[in-house]
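Please see the structure below; I have some questions.
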Amino acid sequence: MTWLIHILNGLAFGMLLFLLAAGLSLIYGLMRILNLTHGSFYLVGGYIGLTVMQFTGSFVLALIAAVVVVALIGAVIERFFLRRFHLDELPQTLVTFGFLFIFSDLSLWIWGGNPLMLNVPHIFQGSVPMGYYSYPYYRLFLIAVGFVVAGGLWWFQERTRLGTMLRAGVDDAEIARALGINVSLLFTLVFAAGAALAAFAGVLAGPVLSLYPGADFEVLIFAFVVVVVGGLGSLRGALAGALLVGIIDDFGKAFFPQFALFTVFVPMAVILVMRPTGLFGRQ
Amino acid sequence: MTALTIDNVSKNFGGVAALSGISLDIESGERRVLLGPNGAGKTTLFHTISGNVVPSAGRIMLFGADITRLRPDRRARLGLARTFQITNLFPRLTVLESVLLALDGASGCGMRLVASPSNARVMDMQAHGLLERWGLAEASSRIVRTLSYGEQRQLEIALALAGKPRLLLLDEPTAGLSPAETRRVVAMVHELPRDMTIVMIEHDMDVAFELADRIAVMHLGRLIAEGDQAAIRSNQQVTDIYLGAE
Amino acid sequence: MTARLWSIAGAAAVLVLLVALPAFLREYSIALATKMLIFALFAMSLDLLLGYTGLASLGHAAYFGVAAYTVALLVVRAGVSSGLAFPAALAAAAVTGAVFAPLALRARGSYFLMITFALSQVVWSVAFGWRTLTNGDDGMPNVVRPNFGFSLDNTAAFYYFTLAVVGVATVLLAAIVRSPFGRALRGIRESESRMRALGFDVWRYQYVAFVLSAAFAGVAGALYAYYNRFVGPEYLYVIQSAEALIMVILGGAGTLIGPAVGAGVIVFLEDFISSLTQHWVLVLGVIYVLVTLFAPRGLIGLVNDARRRLSAK
């Protein structure tokens, strides 16, 4: 039964990672940008959700507010700071790193250094009995949300025209424009959507993980690991990688606490060395 | 001596047959032109000769040596040089540096972490000589990406020639050039030593017929005609393809 | 001809300034200058790989940290003399590079970035987790500085030692990038396929560049171990690798002097701004964004643009 608990924990954490990795992968797949500000979107989103929930008591409002605000921030960053460096990786790296620093300090300034947690929304309080144990409803909710979002993104990618464009990778902006695609708008929307997913994850994570200075960086590393293992630019890879990493991390912490971090990085390195593009990545 | 033997070479890209059973013999010193409409597979064939693409079947022999699976840099050291259809230069290096690299590559000297001053002087002279011959002497200290398209195409050829190759592959050397620039390139190719074997992909019929000893015509991945100018001109299939393709 | 004379004069002036520094700075500033030199070397070592060969690595701290830990382990655990630990550290860093290179070179671009990140994180987690060997998170104090007949405990003495080592390393790096080998690296950066078509064994050149770059990073790492007299897992963490990357980009990749300047500027700013406000991270972040907007080719890029505009007049 403990195995099941660990697997469920791994899945719950994995789903949060998936939300992050999906956004990161989406942004990379379309724009070839490795967004170092992604962890900040998560943390700032979580903090905004926390504040909204403190004022309104509504988890739903918290989610909406976080997603909308962070999406806007993302759109502004893409439009005014990233677009001019299309395919120029070095300035992109410096600028997203700069924003990571900015948001990191600002959130410390605004919300302080103590770890904060959101309250579990009313409907999901309590747990479901499982043999000798009981498992929190909220975590099951996380797993469910993850699947719903994954399904939604998959549907969007496979069944809509916009999704097809994204899948095509839009490697050549000129061809894309010739096909009538408003590439600039697409870039901004996708970046904003990625940021929104990260913020969404931040609020959802609020009740299980805490929000604290430095979480932005730690979560960015995890997201990187997932995206790398799953393959840059692949939605399937983001899901597979996220669940894999989530489960490995949980088992690692449980059975090899001393080497907990090792257990995540070694499989990552091994997978990469065998398949440099990750499990589902494109060459 | 046969410079290049292409023996029943085929190449499939995931189900699409880019090349089907191409067989060609090119004699040492020959000037061979490859003709064919777009998509005929001419550049793919070049890629198999230069090593950028490995054939799915068949063999390629360079001066008697089987090079079918050999890496591109090894083939270059055996005396093969090529230009690329899409200009492939060093955007941020200077013209002179590009030529020095070409000379370095051809010298087979291996990695040199220390440059002896006398060696550097010799190479410098060689480089300038090469640039003079190709009319790029004034541009020697300019950054490659600031060159005009025509100058860049000239540099492509100059780099390929730097190592005095035995077999030279020219992929559409006159594409996009003005008539004057085309004249210059044709004149240069005429002046190349007769012991150098040259295979060219060309679209400009005048250039092709002016430079070619023999011509090979490709269509949809197959070789459909081969022979001297007269033979090709009178070949019905060839005319059909070109008239049909217009 | 005069341009060259100006460069030589400039270099000489910088050298004189660096040598004379301790005479008119207080001890704290001399120590800071030492740290600037160490990170200048670290940044230059990464520039060899990133700016000249075109391979962006997010795992350069691995070689920096391996060298530092080699010093600490030999001196603290094995009682080896500090001076002897130095070449051993260099060798350890180079060997690590030699082992990681074939793995990392299976990829390019972003994937190369990821593999180097992954490999260095594995090293970090070993240092972090193997408490019996490395003390884990607590780190290893009591790293003694080398004694070549005179003690290097004095801040100014250690500064001159660092200046000498970094100076020699810089001269070597400059020679490497100016050599035919260095030219080949730049050719590879611009177009691997073109280089292959010209007869170059591209992989071999990238491999050598990788190992050299790791070795120089190791020199910086060993120096940093002596400087702090302490080694901890943060030497190996991705933040250290990211900092090096930022120093290179900020200063101007592919120029050697750019990254050195970038490192000096960042080390200085971190110290200076944190003494002015607790929000120094915010200020740094804003600076990075502004530099990107106004100097996308880095600080040296700005200088080069200004020089070009002046000579055009």
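Note that the chains are named A, B and C in the order they appear, and that numbering of residues resets to 1 at the start of each chain.
We adopt the following convention: a contact is a pair of C-beta atoms (placed from the backbone, for glycine too) under 8 Å apart; a residue touches a chain by one contact, two chains touch by 3 or more.
Values in this document were obtained by computation on a predicted structure and should not be read as measured data.
S.K.: Based on which chains touch which, is the overall arrangement a line, ring, star, complete graph, or other?
M.R.: Looks like a simple chain-to-chain line, open at both ends.
S.K.: Max contacts between which two chains?
M.R.: Of all chain pairs, the one joined by the most C-beta contacts is A-C.
S.K.: Going by C-alpha centroids, which chain is farthest from subunit A? Tell me that one.
M.R.: It is B.
S.K.: Please report how many Å separate the Cα centroid of subunit A from that of subunit C, as a whole number.
M.R.: Taking the mean C-alpha position of each chain, the two centres sit 32 Å apart.
S.K.: Between subunit A and subunit B, what distance separates the C-alpha centroids? Give it in angstrom.
M.R.: Distance between chain centres, rounded to whole Å: 49 Å.
S.K.: Based only on mean CA positions, could you tell me how far subunit B sits from subunit C in angstrom?
M.R.: Distance between chain centres: 42 Å.
S.K.: Quick check on the complex: what are the subunit A residues that touch subunit C?
M.R.: 28, 32, 34, 81, 85, 88-91, 93-95, 97-106, 109, 217, 221, 224-225, 228, 232, 258-262, 265-266, 268-269, 272-273, 276-278, 281
S.K.: Write out the stretch or stretches of subunit C touching subunit B in their complex.
M.R.: So the residues of subunit C touching subunit B come out as 175-176, 179-181, 183-184, 186-187, 190-191, 193-202, 204-205, 208.
S.K.: Along subunit B, where are the residues that touch subunit C in the complex?
M.R.: Within the complex, subunit B touches subunit C at residues 50-52, 71-73, 76-77, 81-82, 84, 88-93, 97-98, 100-102, 104-106, 108-109, 111-115, 159-160, 162-163.
S.K.: Touching residues of subunit C toward subunit A in the complex: what are they?
M.R.: Residues 56, 103, 106-107, 110-111, 113-115, 117-119, 121-122, 124-126, 128-129, 131, 238-239, 242, 245-246, 249-250, 253, 279, 281-282, 284-289, 291-293, 296.
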